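Presented below are the structures under discussion, each in the form of structure tokens.
You will see chain A twice below: alongside chain B first, and alongside chain C after that.
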Partner chain A sequence: MIGHEKKLGWGFTAPALVWTLAFFVAPFLVMIAMSFANLEGRTLIWGFHLDNYIELATRPYLLRAVVVSLQITFIVTLASVVLAYPLAAIIAFRVPQHWQRFVLLLAILPFWTSYVIRSYAWLLVLAREGLVNQTLINVGMIAEPITLANSRFATVTGFIHFFVMLLTLTIYANLVQLSPNYRLAARDLGANTFQIFRHVILPLSLPGIVTGAFLTFVLCIGDYVTPQILGGNNELTMPQIVMVQLGRRADFPLASAMAIVMMGFVTAAYLACARWLRLDRL
Partner chain B sequence: MTKLRYSLLAIAAMQFASTSVVAQELNALVWCDHADDALIKPFEEKYDVKVNLREYEGTGAALALLEQSRPGDWDVLVIDGIDVFRAVETGMLAPLPKNELPIEDMFTEVIMEENNSKDGTWYAVTEKFGYNTISFNSSKVDVEDMQDLATVWSDKYAGRISVYDYYLPVMGLAAISEGVTTANMDAASLKTIGPVLGQMRSSAASVAGVVAAQTALATGEVDIVVGGGEWLTAVLAEEQPEMTWTIPDQGAVRWTQSIGILSDSKQKELSLEFIKYITSPEGQARLATSACFWGMPANSKASDFMTDNQRAILRWDEQNKFLRRTQLYPAPNMELDNAMQDLWLDKLSQ
Partner chain C sequence: MRTILSRLYLILAFGFIYLPVVVLVLYSFQESGLPVPPFDGPSLKWYDDVLGDSDVTDALTHSLLVAVGSSVVAVILGFLAAYGLARYTFSGSPFIRLLLIAPLTVSYLIVGLGLLIVLTRLGLGLSLVTAGIGHVVINLPLAFAIIFASMNAKQENAERAARDLGATEMRVIFFVTAPMLVPAIAAAFFLSVTLSWDEFIISFLLTRFDITLPVEIWSMLRSGLSPRLNAIGSVVFLISVAVVLILEFTVLRKRHL
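This part shows the complex of A and B:
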């Protein structure tokens, strides 16, 4: 009987296992091998060469791309958490339960439009003659349009717009699971609102925050579209450099090495967050 | 017996129909200007074929895709004129029958025998060309200034220019501004070009792709696009006639795109018909005014199939002058190409 159940279990998991092995593990192993290969002319030389990693560590523009990617990712992750938390808390604690779904729907409404279109829309909003500049001029805050588009500010803004929605969902999912009794008990014991938040709500909602922050980190560090459209190439991120390597040079080994390095950062982020990561809370 | 005969005939007809449907598909690896129904439909209808188009950006990406495909997957390749040799070297392109192509009708400067042929055998034919030069909003800049490249990226227009994000034409423009001909660019000339790129970069509000550069110009984010040209402003000019372009006094860079048949194609005859259609005056007029981007047709007889307005936007009457004053953009070997990319990325990151 147990043997039959075991077989049945394998039967159900086998498709997912095969899928993961074929479309994740195998390509990933190929990418690792590729990162140690060399490109001579148009010929790929397989082997264990560290040239790509050495180039990555010594070429200034590649190093700058690593630094820029990490800076942008940290800024976006931090700002998104700070903005998403109050929004999620308001929806979870202040909005009547029967309205919460509708409010959440409104919060994620921008998800319904294409990511690329949304990025171009931001470009128009932040343009010198765009909505933001015109508003600032009309209210007398500035006399001349200021440069907002094609900058790190624009890239970060585009990212935050997207990731606040994602984080709101993960934090909200965590907050609504907290029993109101915790807050009531803390209040009975004499805690004020800030103390309840600091010592009860925040620690209990850390899994939601960390899960959302981790997803933000992963998606942000590997994103090509937003910095390409909104950043105006004024500073290059790692995915942009990867695209250049592939687009004309077809240097798959160097591009793979860069992808592995990005993967390394994601792994480090995972290890840092592992203690609090609760994907089942989503 | 009659029923059986009809049935067999019907089965045979169905099989023939199904094989002919399979056979009548043409797979082309192209630039986005070919993905226009106005261009492709007439060919599909005439030959009763389905043309499957796959767009790509960057010759490296196209060559990698072809290397990873099965022989016969692709029939036709559109490729940057200066990169034809890369496809020929790897044996990817099949010989073309020169006598069946309208080469004599082409603008002399874009026939480019040295690029499209090797050892007397033609492997590709030029289908479209244009200029990487200076696009600008004539109501926002001093039009006279646009005739001098150094003034365009000087401090006078700092923060008001966008640079097209393809290193080859932009570095070609930088070379031309310093009196270096694009054909003679080498590792040593990169030292001359470097500071020019640095100046260009410091004056630029953005380094942008086609759509972003168009958006920036149309919305007033910038007033000038370095590396732009008719392909950038043509689609804007209809609503904003102040968007225009010029060839500066020092000259500018000329781009070309070629089309060829892949050596592993199993449909070489149909592929040749496609190339003959694309290079015919009608096909050329449609390709020149394609929805994705406009450009000059290589075949000078395309003029007969274009409207006055289309010719005016493309500055048809000035082409002889423009062709004389422009240089083909740099065609570096792999070593120089890598050095150019490194310099470009280095300046871009500053």
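This part shows the complex of A and C:
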């Protein structure tokens, strides 16, 4: 009977397992092998070569992409947390209970726009003839349009817009689970509002912050679309380098190596916040 | 004072969140050919233009096909795996659970790149099917996790009762477990559909001649700002919002999530 049970359990799980192994794990392993291969002319030479990684570490424009990606990702993650926290807190503590779900739904509705469309929409807002420039000119703050689009500023703005919504969701989900008794107890013990926030609410909402920040980090560092549409050509991020290698030169080994480096940063981020991560509770 | 500050922050935050959406939709009704101020509409001519463009409508059909097809596969595989792992204990099951969730932690670009390498090495052509395979990879973990999380003792007791009454394993799954899990299955399905419908990078890497809507929009972007893009963008946004609202007001409401 036990043997039969085992077989049944395996039988139900097998299709999903086979799919994941065939179309996720195997390609991933091939990609790792590819990152150690070499391209000579147009022929691929498998083996264990470190040339691609050495190239990444020594070519200034490749190294620069790593730095640019990390800078953008850190700025975006930090700014999104700082902007989303008050929004989540206001919805959780100030908005009447029966309105909360509706306000939250409304706050994250644009989250569901396709990311190509969302970046395009920011391009409209920030373009030379766009709304922001026209408004600033009309109120007399500037005389000539300023460059907002095709810059790091635009990329960061587009990213923050997206991740503020994501973080509002994870932080809110964490805040509403906190019993109001914690706050009341702290107040009874003489804590003022700032002390309650600093010593009670903030530590308790750390799992929500870290979970959201981790997701932000992962999605931000791996996104090709937003910097490609909004960022212009002055600086490239890691995903952009991957796509350039694939497209123009069909240099799969170098693209794979860059992707592995990207994965390395994600793994490092995971290890750094594993203590507080609550991915299962999303 | 604090109430005023809260309100002010709420207004500013919503202004920031909705600014691009409002600009996108507003200038889709622009009369002239450039979607920037001043607004000179309203006009529906760009919607007419876009919906009469067979490239766009083909891409829209392809997107729906890929979204629904890949979601059906993801939900079936996810459901079976959740059932197997929740009801039977066997060696290695915690590891398998981890493995099924793993694609969630990898960026879409890497999933797409891995598949692209394998497909080109094997000399297989790119098509809507290959893009669909990629979408199943990213949606399977979500479908599995959502369905697995809502499996509990309630269904297990009903299953046991059905088995005692002589139902075969297949009948138990189809007539007892699946109906009791409809909210979770529907949530997993609609979430998969929205994610696949919007997905760009995997579709971009894994399609060639027949492309999905986000890829079509991408190629139109090369010619710069245009009210046509605003019109398509508004339609895509509307469809995504409709799916999310259906999900919110039917499935999730009942689950008190």
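Note that the second predicted complex is superposed on the first by the 263 of 282 C-alpha atoms of A that agree within 3 Å, B and C clash if a C-alpha of one lies under 4 Å from a C-alpha of the other, contacts with A are read in each partner's own complex, and residues count from 1 in each chain.
In this text, contacts are C-beta pairs under 8 Å (C-beta built on N, C-alpha and C of every residue); 3 or more make two chains touch, one makes a residue touch a chain.
Here the structure is a predicted model, which is why all the values come from computation and not from measurement.
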item: Simultaneous placement of chain C and chain B on chain A, clash or fit; value: clash
item: Touched partner set for A:F74, first chain B, second chain C, both or neither; value: neither
item: First, second, both or neither for A:V225, with chain B first and chain C second; value: second
item: Which superposed partner A:Y115 touches (first chain B, second chain C, both, neither); value: second
item: Contacts of A:M165 with chain B and chain C, given as first, second, both or neither; value: second
item: Contacts of A:P60 with chain B and chain C, given as first, second, both or neither; value: first
item: Which of chain B and chain C A:N234 touches, first, second, both or neither; value: first
item: Touched partner set for A:W46, first chain B, second chain C, both or neither; value: neither
item: First, second, both or neither for A:G130, with chain B first and chain C second; value: both
item: Partner chain(s) touched by A:L246 [first = chain B, second = chain C, both, neither]; value: both
item: Chain B or chain C, by number of chain A residues touched; value: C
item: Chain A positions touched by chain B in one structure and by chain C in the second; value: 120, 123-124, 127, 129-130, 229, 246, 252
item: Chain A partner contacts - residues on chain C that touch it in the complex; value: 3, 6, 9-10, 13-14, 16-21, 23-24, 27, 34-38, 76-78, 80-81, 83-85, 87-91, 93, 96, 99-100, 102-111, 113-118, 120-121, 133-134, 136-137, 140, 144-145, 169, 194, 197-198, 200-201, 205, 214, 217-218, 221, 225, 229-230, 232-233, 236-237, 240-241, 243-244, 248
item: Sites on chain A touched by chain C in the complex; value: 5-6, 8-17, 19-21, 23-28, 30-31, 34, 83, 86-87, 90, 94, 105-107, 109-110, 112-118, 120-125, 127, 129-131, 134-135, 161, 164-165, 218-219, 221-225, 229, 239, 242-243, 246, 252, 255-256, 259, 262-263, 266, 270, 279-280
item: Chain A to chain B touching residues, read off their complex; value: 41-42, 59-61, 64-65, 120, 123-124, 127-130, 147, 149-150, 228-229, 232-236, 241, 244, 246-252
item: Residues of chain B defined as touching chain A within the complex; value: 57-61, 63-64, 86, 90, 159, 162, 165, 205-209, 211-212, 215-216, 219-221, 334, 337-338, 341-342, 345-346, 348-349
